[in-house]
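Some structures to go through are shown next.
Next, two complexes with chain A in common: one pairs it with chain B, the other with chain C.
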Partner chain A sequence: MTSTATALSRASRHSTPPDRRRLADNITGWTFAGPATLIILGFSLVPMAWALALSFTDSDLMSPGRNVGLENYRALVADPVFHQALRNTALLLLLYLPASLAAGLAVAVLLNRKVRGIGFYRTCFLVPYVASATAAGLLMGYIFDRDFGLFNGLLVKLGLPAQGLLSSPSQAMLVLTVIFFWTRFGFSVVIYLAALQEISKEVVEAAAIDGAGRWATFRHVIVPSVRHMTVFLAVWGMIDVLQFFDLVMTTTKGGPANATVTIVYYVWQLAFTYFTAGYGAAVAYVLFVGTLVLIVAGMLLARRKGATR
Partner chain B sequence: MKRRRLPSGWHLVLAPMSLVTVLPFVWMVLSSLMTQAELNRFPPPIWPDAVDLGGYQRVLEGSNFPRWFLNSVLVSGTIVVAQVVLCGMAGYAFARIRFVGSRLVLVLVIATALIPFQLTVIPTFLIFNKVGLTDTLGALIVPQLSSAVGIYLMTSFFQSFPKELEEAGRIDGCSRFAVFFRVVLPVAKPALAALAVITFITAWNDLFWPLVVINSEAKYTVQVGLTTFQGQHRADWPAVMAGTVLTTLPVLGVFLFGQRRFIQALTGAVKG
Partner chain C sequence: MRRAVTAAAAALLLPAVLAACGGDGTEQKAGGPVEILMWHGQEDTSAKSIERLVAEYNQTHTDVKVQITSGGVTADGMLPKITAALTSDAHPDIAYLYGSWAPNIARNPKTADLTPYIKDPAVKWEDFWASERATVTVGGKIIGFPAVVDNMVVLYNKKLLAKAGLKPPSKDWTWDDFRAMSKRATDAQKGIFGTTWAISGGEEAVWGLWPLVWQAGGEILTADNKKAAFNSEAGRRSLDLLRSMAVDDKSVYLDSSPAEKGQKLFESGRLAFFLSGPWVLPDLQAAGVDYGVVQLPGTAGNHETISGPDTWTVFEHDERRVKASAAFLTWLTAPEQQLRWMKDTGSLPIRASIAQQPGYDAYLKKYPGIDVISGNLANAKRVRPPTTSYPRISSFVADAIARTLLGRADAKSALDEAAAKTDAALAVPGS
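And then the complex of A and B:
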């Protein structure tokens, strides 16, 4: 039946002149794809160029501002809060990324066997990912509150000293990292799990027959075969970390003493609370270029490693 | 003969891990049912002495919460419908119709996924400011009417979709539009549902853009409202937790209900 259908359609196509059909395809194609693409490109490429122009001005969000050349970028080099924001974001990246990749893969491997209740566990790990960062932030902000929080309550009950947590300049960023990890790592579990389910049983069994132990199988069969997912998750995680905002907003608001200011939180503060939009745009551009460099470097590294294998 | 398998020992690892993951949410519900006095104790109780609905009453009657909730429903609902239709159509066109510039535009669209919103947010605000649309629900909706992820998902879905069906429709003399809406869309329901679930969760949870573009309290979304509510009622934790529970319920419901689709969308977006 299907073959007659295609044959018929081929015949019917021949009945219309090819030029007219090509024109018709162009019109329908653009009518179908036009609105969606226009919105996306209009709200990304145009503002992207505009932000670059803004970063050379002293715009205060309300008036256009005058051209100040590279002044914003120069000021940024000497800005202690910007340095702090860079350090905080880097710390988050260094702690979170390896942890989420390792834990994600480990849990996915555990789930990828004939254990009953895989679905239940997977759901549990995804719940914090699905809940809003606002909800997670308010809830965890309370649990990790220095004076009333459940966490310190448990420490005291166990006879341990209460900690400064979110009110402590030295601990706040670490606590935020833990909270971030909690909301995010379910995503790596799901992605790795999907990749693991694609590995054929024969390969794993063949490795076992060749005398490979569990660890060797993991190391030499599983890790290489999910490598493309690792690259994806690393890139995705980087983008995620560099956009870290909601949790800061709903817990510490950058405090205490700027200990939890991240780059994006700083951009928001500069543009929308201090109204130094030009300077904010400059910080945002540095963030963007930094992200691109990290991503490209990561991908090149992954490709080189893949080639030597 | 095979021996009957004992329950795997890995449950001993997995069960505590999943408990630690979910327990904060359980306690979120429990603490929303406590009284203010209970939650101001240290250490705080784990279990409420009695069920107290005061927190829910205070957040629902003492703030604009119902209004914020309604705003969120309106905004996320519109975004979901728009994305399903617009991204569905665009994905179909990119996968099926040969038209000038389609390759280039598709690559550009997907590349925009790498542009952080924080880079474009200041000019986007200025655009809405210029046309006088800041502080409206429309400003929340328009930039999200379509998404790169949505187009990508739909394109890869339609690329793997059998052509025969549409061709049969076309012989019957239907136009492309009629074929798309009458033949293709109904069959594409699972993929569209996946897109709807993922879009709803993203739209409902958004905090950054509403925080930037909305000023008046009556136009807050539930996420912005909750954040400011907490700022003003720091001591009233049961009410804050009650608001958090109510804010989380819709996404949790959609997630549990559409979990298979959600996971498909997540993994589909990666594999494609």
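And then the complex of A and C:
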């Protein structure tokens, strides 16, 4: 308060035009930025602070809850379901991320040419990404059903043994990874496609003149040119995986036997079905810090690689 | 410096802005009728039915005005919604909530206590079924009115049974009959199963096991709700029966999807038996299934079933509004209004005297089989333990059921493991 007062009095004492204009500019600026600032504060920072406070209590969101200090975080260390959720999410990350980057680039290269109906092909790859996860989940739930699904029907027709798929604790997470890949990798394709179209023809032609074959051009011209997009997609994909929730909700609800519980799904279960919101907030915070560390590490790695090149 | 001050000012403003965004939209005018807000959580036919009833109440009553919305969610999603509303003080006066949530909901200080109001003779409290009254009574506090009651029965596909050369089950059938008939009706080549069981991680996988356990003389928890009791001999034998059906006979379709697929399979003639409740009857009629209804198989003549009453839970704003809510719910749950709701939705009578209403016969005729389910209310004797940890315990048992039915564990070790986790969860103070 005092500093505003001094600022104001200073402004009135030396009422030189630039000072007054600066104040006017400031007010105008804050009038524009104010609503957005309020929204960011209200919908991100305040809930984050509240969740942090919650993670030190045993609140069930119904009654006030007691302060339990670090008890929730200590319990995490020994919680087998949390460990399983970590493993499931890590498996998804390891399988999905490289696959989506490689397949995304490969498909983008295929789609980056002038042939008849290219617009249609490009649309085909983007449609799953635009489709709602709920619809995709329900549809895929039917396709990968153990007893009535199309997929097992196809296997049997080909003379192969039917698989457990979504009903099998050892296969369910793999099936979910496939579904997740199908719904998300269209995004990598679009981003890579945009990047490929930015590569100037001269560079590719120069490589050809230097005697580079198709593979060498791809390896030494195209891949480095889209490197920034690769970093972006890796970070984006990582966040996507760590936030994975909707398909779990619509295909398996974390089952069978916790085989498909992901971290965010577990947070939801803890907070809204088991009435342990304080513990859920602690899990959410571990996820938050973990995500931050992974992203910063990934960015640093990418920057260092960029520097040595 | 100035920037920091502005930011601080913005932060100070924030609660006011948020408060303006919240609120339940029923600002009270002094002197006028008391306005209350109700979240009904119903869909389609049931939503229309309750909206008609409320419109009629508002026309015929001048002292209370009821605003009604679904609450923006279905009954399944009501818990997160009400939790958020209670946190931000934007809660309705009445909400439709599952009975299994009652112990947790009752912990919130904003949950009303209706004890003084239900003493009004007009309420006829004793006319409600005992299991319903038990559900809304938590620690001596009455948090709401019964809304809907149901119980578990067996639905069977008449055509599939006839095709397998089986007669429809009689009401004194046993679990061994159930197993044998399911096996006989299964035709793997044609994709036809005897029955289905959920193996997703939720309560839908678990509640069907409890009647078996109860019939065999077992319990879910010990009498003081401090330790698991479901891993007794009764529990082990119950789960083992299901295991032999799923693993040895392969007569059970294991449903890993969130709940609904089993019903769809029954509707499309792929299941001979389906354990479910009255709420599926309108759908079965719409699908044109030739179905029959029979009470659960028994153990030594005991056909005990499970029931899950839903509630109209009341939340406090001020005393006037709680009183108005109680008055409205007294009207809504009276036999005349209930019979109209039952005719629209196919739900069961929530109080004994409804059967004496003129027009009750027309209701029975409209929903073939509803008389069996209604009569089965007498077999609903016990409720799931009213402890705040039940949802967690249910997830441990769901896990045990899934692993056993998939052949990954035997009934005894799976239940023992779930019991150990349950004991640990119950040992937490305040649970």
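Keep in mind that, in the parts below, the second predicted complex is superposed on the first by the 281 of 309 C-alpha atoms of A that agree within 3 Å, B and C clash if a C-alpha of one lies under 4 Å from a C-alpha of the other, contacts with A are read in each partner's own complex, and residues count from 1 in each chain.
Heads up, the rule we're going with is that contacts are C-beta pairs under 8 Å (C-beta built on N, C-alpha and C of every residue); 3 or more make two chains touch, one makes a residue touch a chain.
Just so it is clear, the structure is predicted and the values come from calculations on it, not from any experiment.
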item	value
Joint occupancy of chain A by chain B and chain C, clash or fit	clash
Touching partner for A:254 - first (chain B), second (chain C), both, neither	second
First (chain B), second (chain C), both or neither touched by A:41	both
First (chain B), second (chain C), both or neither touched by A:63	second
Touching partner for A:171 - first (chain B), second (chain C), both, neither	neither
First (chain B), second (chain C), both or neither touched by A:281	first
Which superposed partner A:112 touches (first chain B, second chain C, both, neither)	neither
First (chain B), second (chain C), both or neither touched by A:163	neither
In the superposition, chain B vs chain C on chain A residues touched	B
First (chain B), second (chain C), both or neither touched by A:54	first
Touching partner for A:272 - first (chain B), second (chain C), both, neither	both
From 130-138, 148-156 or 256-264, the chain B stretch with C-alpha clashes against chain C	130-138
Residues of chain A at both interfaces, chain B in one complex, chain C in the other	26, 30, 37, 41, 46, 61, 147-148, 249-250, 271-272, 277
Touch list for chain C against partner chain A, complex	1-2, 5-7, 10-11, 13-14, 17-18, 79-80, 83, 86-87, 104-105, 107-109, 191, 193, 199-202, 205, 253-254, 256-258, 261, 265, 270, 388, 391-392, 395, 398-399, 402-403, 406, 408, 430
Touching residues (chain side chain A, partner chain C) in the complex	1, 3-4, 7, 26, 30, 34, 37-38, 41-42, 46, 58, 60-63, 66, 141, 145-148, 164, 166-169, 172, 249-258, 261, 269, 271-277
Footprint of chain B on chain A - complex, ascending	2, 5-6, 8-9, 12, 22, 25-26, 28-30, 32-33, 35-37, 39-41, 43-48, 50-51, 54, 61, 107, 110-111, 113-117, 120-128, 130-135, 138-140, 142-143, 147-150, 152-154, 156-157, 182, 186-187, 190-191, 194, 229, 232, 239, 242-243, 245-246, 249-250, 263-264, 267-268, 271-272, 277, 280-281, 284-285, 287-288, 291-292, 295
Chain A-facing residues of chain B, complex	5, 7-8, 10-11, 13-14, 17-19, 21-22, 24-25, 27-28, 31, 39-40, 42-44, 46, 86-87, 89-90, 92-94, 97-100, 102, 105, 108-109, 112, 114-127, 129, 142-143, 145-148, 150-151, 163-164, 167-168, 170-171, 176-177, 180, 201, 204-205, 207-208, 211-212, 223, 226-227, 230, 237, 240-241, 244, 247-248, 251-252, 255-256, 259, 262-263, 266-267, 270-271
